[in-house]
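Dropping the structures in below, format is structure tokens.
In the two complexes that follow, chain A is the common piece, with chain B as its partner first and chain C second.
The block that comes next holds the complex of A and B.
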């Protein structure tokens, strides 16, 4: 299987923050959720992938080609939605199309029109008159109107209500019905969009804590809960993000280890929220 | 064929898909040579990940229920009715064993357990 996107040891140093040795790969035909708390380095990484920000080291390949050497060719086949709209406020959605068209050999006017109609967006409206959710939808329409093979979406769900998120999910799972496509979307909170993600790359403080399939991650850990005084000091150490409160404790544990714990302890299947919170607290790799 | 996924069920999603397709094969709703929905279509319809769906189909293939024909899709394999019955019997035995273990734990007498089973079976006859 080919990787549609691949990062190898990517670095970026700022005075107060750095992305360290970032590596992950998205195989063709799948959706990856790029998740981490605010300030983890998600947007910095996405900007480096798109060469909007120069990386200090490492390699990035898109469609198995260097992202800078083949930038023109690659960008024709990428659809991008950024957290902040980068269009001119005074443009109408018709102007927007005119300005984007020359950059894409495979631009499809009909598709753009149809998508705007689907999203209930008036083409004569100016960008500045749109709500945040409408701006995101506009960018999505543009991203999907030039036969892109890879979608890169930075925080696409922020500012979207439940109905719009559901529409987005429908669009993405329809997009990935074609096994030659790929999707990378970032988010700082877990959302319903998580359901359709095949891979998770979880980062914090500029480092990858986990990158692999969502199912493997969820199956690896269990939530454990129990009363005070039932665990030995050694057992407490095995629990990730251990939290003690007035009447008990809770935390996360590797499935392989929980059988050694006392029988009175309750276990539940883990979820992405718990994993992220517990690991962010602990600051170690998943 | 219907597949209904519960997000609050204890069984993982791939397991739920697997069991429901198996049930459709056992009941005869899916027959030898029937084509299953494509992996990507099913993932889209159920709004779940492609990998989860692939896993369910791979398991079904390994257990001999379906065969994956490259570029065409997954077809239901002919099933040996005696083997199916045997498998079901093993399942029944397993559940009964669980019931016995639970009964012993709370010191339920064998008589009481059998009475309970009879009562439940009566309740199930509709």
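The block that comes next holds the complex of A and C.
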């Protein structure tokens, strides 16, 4: 199986923030949720992938080719959706097509029109007249009209209502039915892709805390809850994001370790939100 | 269509929302030209409009986050810079051609006491085109390096430089030292010097500026 996107030891240093040794790989035919709290380095990483920011070290390969040496060829096959629109706000959706079409060898006018119709977008409307959800859909229509093989989405769901988010997920599910395609979806809302993401890359403070399949991550951890005073100091240390409240404690534990805990402890399956919150507080690798 | 040609087209589309104000400026230029009854006024007015509009792709681009759009398109950074300079050259060419046509039309259609010949209008266009190229050559690398808002302040520098040069040349001691009439006679006797050299100097300036802009934009974090 080929990797559609691969980062190896990528670094970027700013005066107050760094991306350190960022490595992960997205195989063809899958959706990767690129997740982390606000300010974790998701947009910085995406900007490096797109060569908007120059990396200080490491390698980025897209379709197994260097992202700078083969930039033109690679970008013919990438569709990008950001959390803000990057088109002239006075453009109509007809102007938008006329502006973008000449850049792509595989632009399909009919597909663009069909997508706009599916999204209930009026081609004569100006970008500035569209709601936030409509702007995201416009970017998606543009991204999908040139037969992109890799979709990169940076926080597209922030500010979207539940219906618009659900429609977006449906669209991505349809897109990934073709096993040659891939999606990198950055978000800080873990529930966005819970049902459709295959891989998770979880970052915080510019470092990868976990990168692998979603199922592996969810199966690896359990939520534990119990009364106060039942755990020894050593056992408390095993619990990730240990938190005490009025009547007891809760936290996250590796599945392999929970049997060593007292039998009065209650366990529940973990979820992405819990894993991210606990690890973000602890700042360790998952 | 080549990527650079596509980028030029994109720049035209970027300015498209301003077509009404561009048409209005053309009408104002025409009215001024007719009112003042001088062929030499037309090139000055239209080249001034052109200078005004040449920062628009940067200002509109920054307002709408279009550097991100450029980064998503199948373009290298150098294509963007070369495309922008090609757009400027094309706009300059269109303006010159338009002004010449207009001057020709006006001098034939209206019995205006035009004070200058077409040759002089052409000469003033060539000189103004060199001045325009100088302004662009200084401003564009700043826009590419810093972005529109940050660079805006620095872009007044060329205007100040030109004003300083004009005041220097018109200073009394310098006027005595240079016999402008003989300089003009010499230039007007040599066709290339008269028309070709301002255009050539302008093109060289734009070429150098394009190379510098390319270096600066390729190193810029967006």
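The definition used in the following text is that the second predicted complex is superposed on the first by the 285 of 286 C-alpha atoms of A that agree within 3 Å, B and C clash if a C-alpha of one lies under 4 Å from a C-alpha of the other, contacts with A are read in each partner's own complex, and residues count from 1 in each chain.
By our rule, a contact is a pair of C-beta atoms (placed from the backbone, for glycine too) under 8 Å apart; a residue touches a chain by one contact, two chains touch by 3 or more.
From a predicted model like this one, the values you see are computed outputs, not experimental measurements.
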Touched partner set for A:269, first chain B, second chain C, both or neither: first
Touching partner for A:110 - first (chain B), second (chain C), both, neither: neither
Contacts of A:215 with chain B and chain C, given as first, second, both or neither: first
Which of chain B and chain C A:71 touches, first, second, both or neither: second
Contacts of A:173 with chain B and chain C, given as first, second, both or neither: first
Partner chain(s) touched by A:52 [first = chain B, second = chain C, both, neither]: second
Which superposed partner A:195 touches (first chain B, second chain C, both, neither): first
Partner chain(s) touched by A:95 [first = chain B, second = chain C, both, neither]: second
Shared contact residues on chain A - chain B and chain C: none
Contact footprint of chain C on chain A as seen in their complex: 47, 50-54, 71-76, 78, 80, 82, 84-91, 95, 98-100, 102-104
Residues of chain A defined as touching chain B within the complex: 29-31, 169, 173-174, 176-179, 195-199, 213-215, 219, 269
Touch list for chain C against partner chain A, complex: 1, 3, 5-6, 9-10, 13-14, 16-17, 60, 63-69, 71-76, 79, 219, 221-222
Chain B residues touching chain A - in the complex, by the definition given at the top: 7, 10, 12, 14, 40-41, 43-44, 47-52, 55
